[in-house]
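What follows is a group of structures, each given as structure tokens.
In the two complexes below, chain A is the common chain; its partner is chain B in one and chain C in the other.
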Partner chain A sequence: MTATLEALRDTPPGTARPRSGKRGRAGQRTRTFYLFVGPWIAGFVLLTIFPLAYAFWMSLTNTDGLSPNWSYVGLDNYVRVFQDQQTIASLGRTMVFMLATVPTGVAAGLAMAVLLNRDFRGRALFRALFYLPAVVPGVAAALTFKIIFDKNAGFANAAIGATGGEPISWLADPYVRMVLIFMILWGVGGSMIVSLAALQDVPRELLEAAKVDGAGPVYSFFRITLPLLSPIIFFQVVTGVIGSLQVFVPSLLLAPVNGAAAVTAVPEGNYFFMVHVYAEYFAKSHFGYASALLWVLFLFVLLITGVVFKIGNRAVFYGGVDPSERKD
Partner chain B sequence: MTETIARRARVTALYICLIVLAVIFSGPLGWLILTSLKAPNELSVFPIQLLPSTPQWHNYIDAITFIDFLGYARNSLILATLSAVLTTISSAWMAYGFARLSAPGKKFWFGLLISTMMMPGIITLIPTYLMFAKMGLVDTYVPWILWGLSGAAYMIFLFRQFFSGMPKELEEAAILDGCGHVRIFWRIFIPQSWPVLAACMVLTFTAAWGDYIAPSLLLSSDRTTLAVAMTAGYVNEKGFPVQNLLAAGSTLFILPVLLMFLFFQRFFVQGFSTSGLK
Partner chain C sequence: MRGSLGTTASQAAPSKTELSRRSLMRGTALGAAAAAGAGALSACAPSAGGSDGGKTTLTVMAPENEIDIKAAEAALGLKIKRVEVDTTKLTAMLASGTAPDLVRGLGAVETPYIVARDLALPLDDYFAKSELLKEDDIDPINDVWRYDGSVQGKGPRYGLAKDYSQDAMIWYNTALFDAAGVDYLSDTEPVTYDQWLELGKQLTQKDGDTTSVYGLSAGGLGLFITMVNMTASAGGSLFADDLGSLDFSSPEGQQALSWYLDYARARVGFSPVEPNPDGWDWPPYQTGRLAMSWSGYWFGGSIAAEPALAETSRFAPAPVMGAERISPCFGATGYWIPKASKNHDDAWKLFEWFMGGQPAKDRAAGGWGLPSLLSLRADLPTGTPAQAQALTVQDAEADYFKVLSFTPYVKVEALDAVLNQYLPDAINDGTSAAALADTLNNDMNALIDEGKELVK
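Here is the complex of A and B:
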């Protein structure tokens, strides 16, 4: 508290107060640093570490969140995780979802960025049109896709009907997973914008020099552009993997029932690991078991991220131009 | 001669690709808007009816009165503004520390900051909600104030990159003039960094405006945001969705985000490119 007050007095850091020697000045500097960074540290402890610890404590109990009668059950909940058919199945589905969306999303985003990375009329318009869906809130995207894929009034079935086909129940198994993947890939413009920004940082001299040496555009792309882009691609893969392992809000939003009951109505194809966690918490009030599931997912995400980094360290080229030395 | 033909073929191919993609990407929103203008009996007719015979503009008025649209919109606006302003200011504040000050432990905290950018955020949300429930903070905006005050790791990183690029002479001169770091931050760094401030505001505002899961966990049905109300509100007595009003409501819900995007597109892009993620 006194540290905060002193720092707030706003003493110029260079001018030592009369009594304080060298050590006092260093102490002052440290206090100022923590005055600035402190709120983040406090937030990290209160809003990340503490909830995780709280979940870990719950995972050792059989609490339902309300009843005062609970007891410690040791690691029983964790043993149950591995005996639960739903856990294994939903984890498998989540992995399939990750493999279906992350590589395609990053590759499609990159391809579109390459398409836009040249001068032509209407470039800004196309860039805006491709990027637009990425800024549409997930709720609105889900409602839009529900309308398009509605069994009776949707565009998809209308188009099928026009060619003489039978209408499809898009929002039920097995098609609903496809709708979810379409919806996720509709927002690929976010990845495109990131790749486009990186493409524009590729030094022109390098590409021109390669051209003078007789390199074709395909060769230049794979030998110059792609290696320079690999850090940003890697970043997208990492965030994509972490995000897709936690996917569950789109599943809720595409469920046939809305509101609190949505989680009990999620079709099997979209019943991902995090949906299972959510159902165990809020539909079944198995707070202890759900917390154990949450911790298993947390460790699993860390493990997969570690694996991705291990692979990435070999594939990523870090010899590019330091962005802090860029002149633009 | 052949060269110009080849070139023209390439340009044509490029435009065909672009137009096909443009149709695919704007199709869903186009269908949403068309649906929002249809009369109820035009919704599921065979064969497909693309355009409404007469645009039913009153659907938009009906959409606003069918649910307490303006009330929910006000809640969303308050929440998103609160969240954007607090997150932006506090992220800049903390970034100043990381960019311009040194102290023992700085490396550690910065490393931690970077790794929390990869923290699985959804995982902590449910226990955070349970914690807030135990503290009696459910159905208040306090959680968003706390989230705002502690900043967002990605935004702190963004500001830190920007501040690091500012010339050292700026603050050295200020320090000689007897100016402290708090004042240097407010008087020199904040006025200089409006592009990042704008990018951060726009990104956090739109994220909070569109967020579904946090308000659905933390707020009761009459205090909740438009995003949550949208998903449950537009149903008839039999529980079936009223598609045309739902579409009109969704269009209105997207509109502020769309407008912000059109006016500040530059900042969205800047947000990503100035970060120099490596």
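Here is the complex of A and C:
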């Protein structure tokens, strides 16, 4: 208190008092901060944290969402997750799908970006054409793919037939997963556009300096371009991994039954984890068990993302710095 | 051990307390939203049963254009808000205390389920007073909307079909019959399932492994309900008398399974191993790629819009598997009023107007299904030879209607999911009907047992 009074006494006339000024500005900044982030925090709590907590609560019961006589089952639903063959199989399928689509999608997007980053006539047109499938609505894409891969009248079998091959029942097991993967990769233009934007940020002087030093295009790509793109590639891998672990709608769209009932008729090859979760929720009314499945998936996604980050930290050149030389 | 939110399991009351139930239901709604997106949450917003300037606001869960909202508002002096038909949304609305006032449903397979969960309002008192919906005018098909706690088809009425069909009947394209040199089906005598499959084989046109015309489609309105129908037609019943278990191992159940496996292995129609890319029968039938569709009277509505196709389309009775000739209804799509609705009387007004007023007359004249009121049958279209033939066959078929009881313990989708899980391998691997029956019994009865725990 004495020190404060002395400070006030020593303040020259006409000068704002430091105590109220600094604290006032700090308080205003704090209020402004919370004013801006408040809506997001409220939304996050109400639409993410609260439902997650309630889903956890439900996962401890056997409720079907409608019946009056639910009961607590403790951790039974979680134990069941690891005993349910359909769950384990669908998780395995999802992992295979992730491993098939994420690296392929990112690599294909990057390859297309590299091609379209070169100077040639009609470049803008090709950029637009390659990106176009990414903006086609998923439902339209799925219907188109169903027509293309129809066993009897589809273009795919017509092409196979023209070469003397036997028609394939593409929309049934085991081929239907391939159709789904084709469909996902068809939208690789999204990845291409991100990689293309990153490519255009690679400093030309670095590439020209390497050229002067005798580096060929392949060497320059792998030693200069790719490291500089690695944060963007890493971003695509992370979002791709999270998205592919939750793949759901495309499976339903390729099912032989239309509408919500499609979830009961998804061929085994496309019966991924989220399809299983949806079937458990809304076909079998296992709200408790399905909530447990969601929580397991949530933890699984966290785990896989953590592993990806761990690997990424050893390979990503943040700010152009070699990860092996980073001190943190 | 039952419990409630906010109590530990050991503290939980053993009975179903209203508070705990509601609390969990709210949680259920939110959890559903977490799983299925924000759709469920938006449904939690107060919406149902309000009052706007003295007018009651009704919330109706119906597809777009099924109920003429403006006409209903003008006729009844109500304000009506429509929400999309969505199980997730319905669950959320019921759970959050904002139940819709009128809900679309499939009477044939949903009535015991919603009644056992105490969701539907019994409507007998309303029917008794109604001037538009008189008991002696209601088509017996609407018994699928009745359930007395143990038998479907008896007890209080919980809803009414907006229109219906006897869904195991057959539409066929005579041009494809002529092309294959196959005799037409009788208008009065049903074929057996074996004869039907044989016809399907004769009508199927293949070019190597590519099929240009499928002989028949035996998907119906869902695999499980068709199994129930075939078993009943063979003289048995898939469900036990108390609807608390099912048995595919009975001779009749195995007969049904065997027939379906034979059908799917013959690749003469759509199945889990021969998927229909269009998802339903109309597109292949319309384009001459399907000779026989296993569809009821309603399919004639699509056919009538295509004059050329109507000239070559005929309607035939449902096939029989054994001694008993039956012709059930698998859907009976209609409406029910939730007990939790806050506007029972006004909901009934809308229900009554829609089911017995001008909309019902308009629907009957449209030919997209049979009216629920016997007095409206005269309004069914007979303007073309195809419509007249269809109605003649339909009138004769009415005598063979039978309510197929459905279990209250599990939704039909759950049983369809089990069938779809095992059928592809069974079809491809040559699994016997007996072995498949054991697997299905095991999984389906487990689901039913779980359901029993919830409606004790």
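Keep this in mind: the second predicted complex is superposed on the first by the 294 of 328 C-alpha atoms of A that agree within 3 Å, B and C clash if a C-alpha of one lies under 4 Å from a C-alpha of the other, contacts with A are read in each partner's own complex, and residues count from 1 in each chain.
Please note the rule applied: a residue touches a chain if its C-beta (ideal position, glycine included) is under 8 Å from a C-beta of that chain, and two chains touch if they have at least 3 such contacts.
Here the structure is a predicted model, which means the values were calculated and not measured.
Visitor: Based on the superposition on chain A, does the combination of chain B and chain C result in a clash or a fit?
Guide: clash
Visitor: Between chain B and chain C, whom does A:221 touch in the aligned arrangement: first, second, both, or neither?
Guide: Neither partner.
Visitor: Figure out whether A:78 sits in contact with chain B (first) or chain C (second), or with both, or with neither.
Guide: neither
Visitor: Quick check on the superposed pair: does A:52 touch chain B, chain C, both, or neither? Answer first, second, both or neither.
Guide: both
Visitor: Contact-wise, after the overlay, does A:112 reach chain B, chain C, both or neither (first, second, both, neither)?
Guide: Touch status of A:112: first partner only.
Visitor: Which chain, chain B or chain C, is in touch with more residues of chain A?
Guide: B
Visitor: Thinking of the overlay built on chain A, is A:150 touched by chain B (first), by chain C (second), by both, or by neither?
Guide: A:150 contacts both chain B and chain C.
Visitor: Considering only touches as defined above, state whether A:136 meets chain B (first), chain C (second), both or neither.
Guide: A:136: touches chain B, not chain C.
Visitor: Please work out whether A:291 is in contact with chain B alone, chain C alone, both, or neither, and reply first, second, both or neither.
Guide: both
Visitor: For A:301, decide between first (touching chain B), second (touching chain C), both and neither.
Guide: first
Visitor: With the two structures laid over each other on chain A, which partner does A:161 touch: chain B (first), chain C (second), both, or neither?
Guide: both
Visitor: After superposing the two complexes, find the one stretch in chain C that runs into chain B, choosing from 116-124, 170-178, 260-268 or 278-286.
Guide: Only one listed stretch clashes with chain B, namely 278-286.
Visitor: Between chain B and chain C, which residues of chain A are contacted by each of them?
Guide: On chain A, the overlap between the chain B and chain C contacts is residues 47, 50-52, 54-55, 58, 65, 146-147, 150, 152, 161, 258-259, 277-278, 281, 287, 290-291, 294.
Visitor: Give the list of chain A residues in touch with chain C in this complex.
Guide: 47, 50-52, 54-55, 57-58, 61-72, 74, 86, 146-147, 149-152, 154, 157, 161, 166-167, 169, 171-173, 256-268, 277-279, 281-287, 290-291, 294
Visitor: Provide the residue numbers of chain B that touch chain A in the complex, in ascending order.
Guide: Against chain A, chain B makes touches at 11, 14, 17-18, 21-22, 25-26, 28-29, 31-32, 35, 43-44, 46-49, 90, 93-94, 96-98, 101-104, 106, 109, 112-113, 116, 118-124, 126-128, 130-131, 146-147, 149-151, 156, 161, 164-165, 175-176, 178-183, 185, 206, 209-213, 227-228, 230-232, 235, 241, 243, 246-247, 250, 253-254, 257-258, 261-262, 265, 268-269, 272-273, 276-278.
Visitor: Okay, in this complex, where on chain A does chain B touch?
Guide: 7-8, 10-15, 29-30, 32-37, 39-44, 46-48, 50-52, 54-55, 58, 65, 112, 115, 120, 122, 126, 128-133, 135-148, 150, 152-153, 155, 158-159, 161-162, 186, 189, 193-194, 196-198, 200-201, 231-232, 235, 238-239, 242, 245-246, 248-249, 253, 258-259, 274, 277-278, 281, 287, 290-291, 294, 297-298, 301, 305, 318, 320, 322-324, 326
Visitor: Which of the residues in chain C end up touching chain A in this complex?
Guide: On the chain C side, the touching residues are 1-3, 5, 9, 12, 16, 21, 24-28, 30-36, 38, 41, 86-88, 91, 94-95, 116-119, 208-212, 222, 270, 272-277, 279-280, 289, 410-411, 413-414, 416-417, 420-421, 424, 447, 450-451, 453-456.
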